[in-house]
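Each remark here refers to the structure printed beneath this line.
Per-chain residue numbering starts at 1, and chain names A, B, C, D, E and F are given in the order in which the chains are listed.
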Amino acid sequence: MFERPSHRKPNEMRPVRFTTHYTMHAEGSVLVEVGNTKVICTASVIEGKPKFLKDRAEGWVTAEYGLLPRATHTRCDREAAKGKQSGRTMEIQRLIGRALRAVVDRTKIDNFTIQLDCDVIQADGGTRCASISGAWVALALAIQTMLDKGQITESPIKGQVAAISAGIFEGVPVIDLDYPEDSNSETDMNFVMTDDGRFVEIQGTAEGEPFSEVEMAEMTALAKEAITQIIQLQKEAIKA
Amino acid sequence: MFERPSHRKPNEMRPVRFTTHYTMHAEGSVLVEVGNTKVICTASVIEGKPKFLKDRAEGWVTAEYGLLPRATHTRCDREAAKGKQSGRTMEIQRLIGRALRAVVDRTKIDNFTIQLDCDVIQADGGTRCASISGAWVALALAIQTMLDKGQITESPIKGQVAAISAGIFEGVPVIDLDYPEDSNSETDMNFVMTDDGRFVEIQGTAEGEPFSEVEMAEMTALAKEAITQIIQLQKEAIKA
Amino acid sequence: MFERPSHRKPNEMRPVRFTTHYTMHAEGSVLVEVGNTKVICTASVIEGKPKFLKDRAEGWVTAEYGLLPRATHTRCDREAAKGKQSGRTMEIQRLIGRALRAVVDRTKIDNFTIQLDCDVIQADGGTRCASISGAWVALALAIQTMLDKGQITESPIKGQVAAISAGIFEGVPVIDLDYPEDSNSETDMNFVMTDDGRFVEIQGTAEGEPFSEVEMAEMTALAKEAITQIIQLQKEAIKA
Amino acid sequence: MFERPSHRKPNEMRPVRFTTHYTMHAEGSVLVEVGNTKVICTASVIEGKPKFLKDRAEGWVTAEYGLLPRATHTRCDREAAKGKQSGRTMEIQRLIGRALRAVVDRTKIDNFTIQLDCDVIQADGGTRCASISGAWVALALAIQTMLDKGQITESPIKGQVAAISAGIFEGVPVIDLDYPEDSNSETDMNFVMTDDGRFVEIQGTAEGEPFSEVEMAEMTALAKEAITQIIQLQKEAIKA
Amino acid sequence: MFERPSHRKPNEMRPVRFTTHYTMHAEGSVLVEVGNTKVICTASVIEGKPKFLKDRAEGWVTAEYGLLPRATHTRCDREAAKGKQSGRTMEIQRLIGRALRAVVDRTKIDNFTIQLDCDVIQADGGTRCASISGAWVALALAIQTMLDKGQITESPIKGQVAAISAGIFEGVPVIDLDYPEDSNSETDMNFVMTDDGRFVEIQGTAEGEPFSEVEMAEMTALAKEAITQIIQLQKEAIKA
Amino acid sequence: MFERPSHRKPNEMRPVRFTTHYTMHAEGSVLVEVGNTKVICTASVIEGKPKFLKDRAEGWVTAEYGLLPRATHTRCDREAAKGKQSGRTMEIQRLIGRALRAVVDRTKIDNFTIQLDCDVIQADGGTRCASISGAWVALALAIQTMLDKGQITESPIKGQVAAISAGIFEGVPVIDLDYPEDSNSETDMNFVMTDDGRFVEIQGTAEGEPFSEVEMAEMTALAKEAITQIIQLQKEAIKA
């Protein structure tokens, strides 16, 4: 009989928890936990914007991602010590940045940069998705700080954005893979969706067997269900 | 009335051409042209394999990607001179590598590394997809060289792989965006598929509006049709 | 009348707290808090040792240090993104490594490297001292793991080591400067001491006025008193 | 009896061919072929000039050089991936830049930079010389573009510049060494000359035996003869 | 009976010699010799100051340190070739900079940067201390040059600064360790003091056994005596 | 009437002086002075050889070059701090290495590397030529050390090598340009020759007007005369 290593049902997400105001200096900060995956997300409001926007009346939203060296099962080298970020890190931080920009009207934050930092302190699969879901909360808190300080008069936030992974494990589509599942899955997909059920980003990779259109539809359905729940938890988190 | 800047129909791909044996030193080489996008793909057969495979009876397949500085409308800085590859470059070369590994049985090339190099000499949109379609041809030629030299006795190639982009341009799903279309599209998707119609990789990004499940299904249909044609052209290229 | 910004008495240290087993993958891990300064310290046990020890029957103990970008009042650039560690980071991580090596008999861990990682998630002054005090706890836990696993049969730990800062604030010697105090102090000293009251490292810098021998003696006395307390808290932490 | 590996006569250059407008984006572009050596040369016209010229009424002409990784017999590492350009690359691109600046009156292109890129797609000896001969053609085409666009009103080109190698192979001075000859020659000289028969640059290296003044005179005579031919081919190329 | 490898008495410093105007281009330059340790110190006066001082009416004083590759017993890698400065180098140059800033009133050199370069041409222990003692002489000479040229009207120098090492060798506190002594000492301390006998910097490291307060007091006494002598030699050097 | 800025006659070289055993650790060391240009050259004998020679019974000879930051009129950035060597540095150190290898029979130093370091402590034109002339002396001294120690039984030195610059200054060929002359010359040539009057390397660059064959012959004659003198001084230096 089919059993996930985590003993979860195929459509059962791990518990998601947002601890807001987790660190004291950032304009917005949150610890997001998805099962044993834990990520500190901060949003820093910085005056100024990158040069390539100098002729456009828009601000900027960007993201960086990192793993503490022993966030993982075996220690990975510190990227600062190696002197460069890996391709994986770059890929992830570009994804987070795009996801968040999709729900921000940047004309409303002209001359500001909102810098998101997602630092994984403990990894157990799904760190990029957790980062996106958490980054939105940090961003929303930072925007509130800007409004409170009078730096802006209107919220630039057009909607919510959250993310979840899905995969094919032993032939069965499942949601929210933890590390042991991810290491053994045939396909790994990441879905980034807005609160109105549309897609901001889809990334699917067949790590073993290629996957079919039917499998993809099944994973999409699982993701929609899960993201609806995360969206709700985000709402509660920023209300608190 | 809807009209693409390229005056192509929504499902009309640009002409694809493979010029095999384009350079003389590589074990496999091809110039792939997709309209005005031109990429030199070479496959180099190198003895040895990376350390992380030392305990597994498998070889390795990996890829690197580059743009000549003036492959683009305005000159982009030479990455070798800047001293690092951009996040975009890393993302693309990781994608090419994964795509090709999906159709290679690496247990049949133990102790060899096949290094794919995709160098864009002229860019007009769709360079990563053209690179994947071309890399497969270069790989197939290199495998033939290995068989001819007796380095291996059986082909490790499990199938073909090709790629194409699709997008939403002025609300209409279209295939194979060129640069002017890509710059103005709302969504940009890249499909990597095998010759049996399954997916190896899907990457979709909403650059403007998020996209719906229906739009995604339409782009998927366009991609399947286009990839079928490319797969056929690959077959002819390696026969020649 | 003299008043510290923190309203503490000159010899009053901030509350120190050790939360052991803070992350799940490392052989030893702890969150150390000194007031609002929070540092995750992990000790990773790695088989093998650096080349320069190949002819000596000793293992190695070394440390790395990092700040999350928004651990500080204003965001500091991510060192991984800049491509190099600052001089300050290097200085601190070398100090942590030396401090911990002072209490380890490395002949008892031959062929192992213990890698300490001290990552500041929130900074409010005294991060290098907190890192040393925390790193000892992480190390002790990792050694216990090694003993439990039978990797070693005898503990290499010769004693405890802890650290505290002292300074001259408005002419008065004070212990354990927080960030506002540190920014305005004339002298900043860091004391690293063992549980038998001897010195492993002393670093004193006159940031304003040079300091006298008398002032130095006073700071030393404050440090001894504080370190005695931290040593006691470490003992309790590893017992728990 | 003396026979070059290429079966050419000592004073016989390989066929030289210029294919102008080889790529579509650059203001000037050419594919230069010298036997099997093939280099794409582009000239990009960029507004602005380097800081060190800010107090002088002159523009700038500079060059970069690269090899596609598999332009060579065995694959060489991609410099962008290694994170730095080799000493050889730097030496060559500095040479190309100096050679081209020698025939440009830079006071006539003030506030412009002409960036030459020479990218070797197939190497068989003599890549630096081919690059110089091709770069002049790309430059001349780019200047024509500038005149056509009205960016300048007068051509800054003072003359033509071309380059060829010569060497001592089995004791005999020969012109235009291909790779097998170059690898086994005792001396390798590169001559850069103008259309009036004067020298812009001479670089001679004894890789085996030192060479004498007589040998040097013989190589110089061979080079003059060959460069006269290349100069003529350049003229025809830009007329086309 | 106790005997230092150098046959010096515990409180006997090596001969110190300053050769001023050692190189011809720098505004201030000196060769400082402490026994066989030889360091070229230059002070360069540069117009402008770092950005972080733009809102403060102060100039800047900073230092860099280097070792010629064969200044040492066995050749050490050239840091320029390795592409980065070691942690040791960074630590030392930060120390030199802080030491010199302690005796300069930077409000009197607004809009200037004084860049100190300390390059060790022969190392035999104590290079960082020799660098500080020499850098002060180079600085004083450069200030004189600034006064002579009318760049400033008043000297910013508030006092002298010099440095010496002390250590515990075979249980005995000794001054000014040369390389064989340093390699075998249990404790290594560096004292940086002003001409009024106060401390600018103290750095002590127990490389073997931790050290006691008594030992520290003895080393401090030795250092005060030695620094008094160096201060006197500096005075004579700049008078010459 | 023609007058060089240095008031020297066209064929008058600056005084050349070799101070052997200038530093104490290197197997061979010398300070070479050519007028005000001063370079410390050391030759380090290192066991082992680079990987690319592992299948050949030969050792290796290589060189590195550096400038102290304030060896020049205005301070140049420290390459170690910038994190990379300039193209000029790389070009020079490659030249020095080739020059010295030309006079060494490397089959006689198998399994050894001789590392030459040429560090300019004061620059006044001609630093690369001075480096080559000095490096030969350092090399010869190091070979003597190897013979004395019994590391080799036969000298690998096949001859002497020395270098000098020549140029066209105000239309007149002159030898050994100092910095003011070099900055204003139209052509700059560097000659590297052996003691039997043959060429190891010739590098000529027209910095202003291209130069003719006649001018080149005149500069060659001046160089031969000068190098004869340097060769004699080298002989005396190593005899001392």
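The rule is short, and it goes like this: a contact is a pair of C-beta atoms (placed from the backbone, for glycine too) under 8 Å apart; a residue touches a chain by one contact, two chains touch by 3 or more.
Protein identities per chain, from UniProt: A, B, C, D, E, F = Ribonuclease PH.
Computed from a predicted structure; not experimentally measured.
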Problem - Minimum number of chain-to-chain contact steps, chain D to chain E - result: 2
Completion exercise
In contact with chain A as well as chain E, sorted by label, we have C
Problem - Chain pair equivalent in interface to E-F, over half of contacts matched, among A-C, C-E or D-F - result: A-C
Fill in the blank from the handout: Most remote chain w.r.t. Chain A, using mean C-alpha positions, is F
Handout entry: Copies chain C and chain E - rotation angle from C-alpha fit, nearest 5 degrees
Key = 180
Exercise for the section: Round to the nearest whole Å and give the separation of the Cα centres of chain B and chain C. Expected result: 50
Fill in the blank from the handout: dist(centroid_CA(chain B), centroid_CA(chain D)) in Å evaluates to 33
Handout entry: chain C-chain D separation of Cα centroids, rounded to whole Å
Key = 58
Handout entry: Numbers and ranges of chain A residues touching at least 2 other chains
Key = 83-84
Completion exercise
Ordered round the ring starting at chain E and going to chain F, the chains are E, F, D, B, A, C
Practice task
Please give the residue numbers of chain A that touch chain B in the complex, ascending.
Solution key: 84, 87-88, 90-91, 93-94, 98, 102, 189, 193-194, 196-207, 209-213, 216, 220
Practice task
Show which residues of chain A lie in contact with chain C when the two form their complex.
Solution key: 23-26, 29, 36, 38, 40, 42, 44, 46, 64, 66, 68-75, 78-81, 83-85, 89, 115, 117, 119, 121-123
